[in-house]
Amino acid sequence: MIKVGIIGGTGYTGIELLRLLHNHSQVTVIAISSRSEAGQRVDKMFPSLAGQCDLVFSLPDDVILNQCEVIFFATPHGVAMKSVGGFIKQGIKVIDLGADFRLNDTVEYQKWYGSEHTQDDLLSSAIYGLCEVNREQIKNATLVANPGCYPTAIQLALKPLIDNKLIDLSNIIADCKSGVSGAGRGVNQATLLCEVSESFKAYGVSGHRHYPEIKQELALLAGESVGLTFVPHLVPMIRGMQATLYVDLLDGNTEVQSVFAEAYKDEHFVTVLDAGIMPETRSVKSSNFCQIAVQKAPDSNKLIIVSVIDNLVKGASGQAIQNMNIMFGLDENTGLEQIGLLP
Amino acid sequence: MIKVGIIGGTGYTGIELLRLLHNHSQVTVIAISSRSEAGQRVDKMFPSLAGQCDLVFSLPDDVILNQCEVIFFATPHGVAMKSVGGFIKQGIKVIDLGADFRLNDTVEYQKWYGSEHTQDDLLSSAIYGLCEVNREQIKNATLVANPGCYPTAIQLALKPLIDNKLIDLSNIIADCKSGVSGAGRGVNQATLLCEVSESFKAYGVSGHRHYPEIKQELALLAGESVGLTFVPHLVPMIRGMQATLYVDLLDGNTEVQSVFAEAYKDEHFVTVLDAGIMPETRSVKSSNFCQIAVQKAPDSNKLIIVSVIDNLVKGASGQAIQNMNIMFGLDENTGLEQIGLLP
Amino acid sequence: MIKVGIIGGTGYTGIELLRLLHNHSQVTVIAISSRSEAGQRVDKMFPSLAGQCDLVFSLPDDVILNQCEVIFFATPHGVAMKSVGGFIKQGIKVIDLGADFRLNDTVEYQKWYGSEHTQDDLLSSAIYGLCEVNREQIKNATLVANPGCYPTAIQLALKPLIDNKLIDLSNIIADCKSGVSGAGRGVNQATLLCEVSESFKAYGVSGHRHYPEIKQELALLAGESVGLTFVPHLVPMIRGMQATLYVDLLDGNTEVQSVFAEAYKDEHFVTVLDAGIMPETRSVKSSNFCQIAVQKAPDSNKLIIVSVIDNLVKGASGQAIQNMNIMFGLDENTGLEQIGLLP
Amino acid sequence: MIKVGIIGGTGYTGIELLRLLHNHSQVTVIAISSRSEAGQRVDKMFPSLAGQCDLVFSLPDDVILNQCEVIFFATPHGVAMKSVGGFIKQGIKVIDLGADFRLNDTVEYQKWYGSEHTQDDLLSSAIYGLCEVNREQIKNATLVANPGCYPTAIQLALKPLIDNKLIDLSNIIADCKSGVSGAGRGVNQATLLCEVSESFKAYGVSGHRHYPEIKQELALLAGESVGLTFVPHLVPMIRGMQATLYVDLLDGNTEVQSVFAEAYKDEHFVTVLDAGIMPETRSVKSSNFCQIAVQKAPDSNKLIIVSVIDNLVKGASGQAIQNMNIMFGLDENTGLEQIGLLP
């Protein structure tokens, strides 16, 4: 059994790691840390674990973490970069669910995250953990930057088109919608049930931190820079994310359905729906799947691509485990076999 | 007191008319019809009326309807066109909340609604009831075609830009989101709570009936045809509608905020939000207001316009009453003064 | 126009007072205070007011409040008792939506609210503002203690039975359910959408602050003490409250339906539903109504009474306005005529 | 691998069986039937299965069902009794998730279900499948009547008290709350999102079909008849069920916490929470667990017991699989190890 540690385990990605790893046949979680909750039983904070988990939160510098073979960081940006290096020196693999190793350019990091990036060397060794894109590099990675949720949904939706050079890269529109869990478990008036339930809104229109990550990775896919308009919205539901993408086909006669089907025919976690069927976020709720549909607009070269994921699974903790599986040479599906919870 | 009748009052626009007219100081509802519920007390179907409403559903051909001064049709398409003529001949004004008189072209009507339009003459006399656009014609109208909800949200968002010739008309994208009440009260597995709650999806991507209406009215505003991509989505909430619009400014330096502020400075029901503030659908829940915000995308000429309405009020019954107020020379706000229900 | 002030207007009862008073023909709100938000526009905090309200939050000791004829306190317990006296000396009437003047016994107050009650004299002059019980005293009151939401729903459900001495007073069970807005707008992890949505739970089982208020008022109604078991629950919705009450009829053959119908036949805001019909909280959403149903259990003398209110209207701000109407000799319904928002 | 069949698989218990069995290491579903959907791919009806399930609905009399070792009936009452006998004669075990074999008395069955019970013999051989009560008989059963959801939540909450003869059996109150999925997937205006969302109500107050089942089973536990008042309510959420029970302790000094802890110390799926902690339905969402808390009311002998389950798992499909595991001598937890989905 692979010994796993989680640093910063009091948020939604933390409990989601615990839930998914609970059913993972090859690992055992030996430590979970929280500076604020150290000493408290984990099942007091997450009552779904009552009777099923004896873990107690440790301090993030507890020596038990040194016994781990892999550590997941589920911490706010700026935390992981400070302590990742020490673990890696001990031969412990690290998967960062936060943003510290996603942007290749430290100037961009400082611009969007408001603090200096102090770990240039680590950054250059980090692999961007979008499994369907970087699988080969992930196999040998010691440090994986787990992608953001919006970047995951958008890249999977565009990859076949970019790989096949089918679209105008200068005019990509990503109208995205996320459940409220994407905003985290932090205490925040803006995400009280009475503030967000029965309502819908755009947010971050003047600039969202996933914007540079999306632009960077699309440019890497394309081999050139892309023009992107990105508007995230908040949906009154707990989980789920949809990206609705609008692009211009270079050739309006392209058979896009088969391009997508071919591109993902061997990917377990990406399902291309039959022509005419649109995905729903609930179809992937609690699962690591991404479902994608494509549809041409009438009377134009506009193509609409829709992708859905569970923001906490394929958009965070599930993908992190998928990365772990790849890094340890396990079957990529291990612990991630479950299908979505419906209804 | 103006005598009002409602034909087809068992759906959500029917009860919404009753709710709003209950607080209207200048009217009295003397009849409400339903073929299927004739003879039943209205408050048995709508328990919010218990103790506050003595109406009984009549048949749609009950003579009491001839005593009305104005009749609202809250019926499925195809119903109003058959009986509107008779009422108009008696001098009764008609406001149709359905689709029978929205499309100017009967060929288009047949294409999208699947049945022949048999009332060419009535159609040519009907006024499209988007108050902020056609107020003058509505004053003297005998037959008003109340706009669809999506068309209302989209037109109000684009009118200042089109009027001022500020955008590329060939490439308009309308990514729209609606609460479930837009699907009506009909029995339908697809709108069961367990099927739509905690989920988000696109629908009607291959063709929605509001598409030709939007194209037609935008073309009338612009004086030329427009290129439109329209994707409606379903949001897990009862009420509320947002249109997120993406257009290309002809001149990226245009001061759009002031264009919008100026355009709507005298419109009671359209509120242009201060720069930097995005609307939420809940802000207009239960009210007749439309809130609009504009935001330029970074690094491009792309402009994002967001508008929100309550689909059952400004998107249906409230706008119908606003039309009635105009038709009868009342203060346009009468009965529509209430602000949104928050939380 | 009666000049109205609101102290502590940043919570849900504050915005609900503003919403309801916006449609009240006889009053004008001239001041609303918030220590933390003084100087800020009210419509920045409550976007439903955008374009419809020019008020700016003042400090709670701003002299403008002295110009009011009536002041609503929408403050946490302990605040009102400190400043109410000054207003009353100036002849300003006060309605406290908080808990400072609900409990007659200062020892009980200290036990449940954790701080000393320093205003014995004011307390003895305060009238408990359950309009359907204390209407006559309210007419001449200068200080009204607006009831809690649970106490309102429970007392209205039991009053006819207690008045007519029909039940065993020693064994009353009140299983109550509240929407999340009852927990207020304060920043609280426990009421984040992701923590309460799609879930149901009991809370405060070991002791809720409304318990002594309910016991006190039921005892006053009965003329003797009562035995009460009270369990509140949290429902994943914004508004609405239901009390399900279980009592033992002294005589199992009592015709309770007619007892209730008779008891409330002249009360505008209390609707007794026909036999066999159960209320739903949505039927009174956004309105000041209380709907009540009674049903005998099979094979026993057990009687089930169900009452529903909107916790923010009849359970808070609406009842406060009803009290104001009574205090100023206005028609009791003024500004409260609207029926529930359905759907 | 045990060959499993499902008859009547188009409802929520059907897809829930498929979801849970998908992760069950010892079984394979070889057939799923639906008279109305025969020939259609299962993943067209349940999009969570897209790409993960190749099953096609068969007719309920398809011969493939004869190859099964166990068949789950997920059918409306009246269906299973007609065909169960044929399968049992072939040595196929049957678990009926419906109501056909729950009531021991065919007269009661006819009274509550409105049709005659024609299978007296089968009925007498059926074992009531509440695993924690009847585990020993289930081991050798060929026909198991899977309990209803309310009966499961209530019996688990009361069993320790009844077994230890601690309460007055004549006065049990069960105030129960269920998510909307309990009403099934049938087309029904009453369970449209717009009809039940943002609302709470009691239903079935004059008589719910689970009432006789609960009374029967509690009487069997107690060895005598019990007095029961049962009021179910509908909660605006998809999954989850809570029973809040009010009973009178014979001795107010009884240490009930330890009675419960002792009673369930070896039961994997029943978790007794620490004193002072109340369960939430979300804690068991998607899992087979039941969480229970007990709390004495102040100033009386009244005891409050609260139990929560997921109505579709421990209240239906999960318990059915637990029964299957027992019948086939498997580890009782097989395929049911997952913890609740939180948030």
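A, B, C and D label the chains in the order they appear, each numbered from 1.
One rule holds for everything that comes next: a residue touches a chain if its C-beta (ideal position, glycine included) is under 8 Å from a C-beta of that chain, and two chains touch if they have at least 3 such contacts.
Source: prediction; values computed, not measured.
A.B. asks: Matching over half of the contact pairs by residue number, can you pick out the copy of the A-C interface from C-D, A-B or B-D?
C.D. replies: Comparing residue numbers across C-D, A-B or B-D, the repeat of A-C turns out to be B-D.
A.B. asks: Count the touching C-beta pairs: is A-D or B-D ahead?
C.D. replies: The comparison resolves to A-D.
A.B. asks: Could you find the chain whose CA centre sits the greatest distance from that of chain A?
C.D. replies: C
A.B. asks: Mind checking the centre-to-centre distance between chain A and chain B? Centres are C-alpha means, answer in whole Å.
C.D. replies: 39
A.B. asks: Express in whole angstrom the distance between the two chain centres, defined as the mean CA positions of chain A and chain D.
C.D. replies: Using C-alpha averages as centres, the distance is 36 Å.
A.B. asks: Give, as an integer number of Å, the spacing between the C-alpha centres of chain D and chain B.
C.D. replies: Computed from C-alpha means, the inter-chain centre distance equals 45 Å.
A.B. asks: By the touch rule stated above, which residues of chain A touch at least two different other chains?
C.D. replies: 12, 181, 185, 194-195, 197-198, 236-239, 279-280, 282, 285, 343
A.B. asks: Residues of chain C touching chain B in their complex?
C.D. replies: 12, 15, 19, 22-23, 46-53, 181, 185, 198, 238-239, 271, 273, 277, 279-280, 282-287, 289, 291, 337-343
A.B. asks: Within the complex, which stretch of chain C touches chain A?
C.D. replies: 12, 180-181, 185, 187-189, 191-198, 236-238
A.B. asks: Sort out for me which residues of chain D touch chain C in the complex.
C.D. replies: Counting only chain D, the residues touching chain C are 173, 175, 177, 179, 194-195, 197-203, 205-207, 211, 227, 229, 231, 233, 235-240, 242, 244, 246, 276, 278-282, 285, 295, 297-300, 302, 304, 306, 308, 343.
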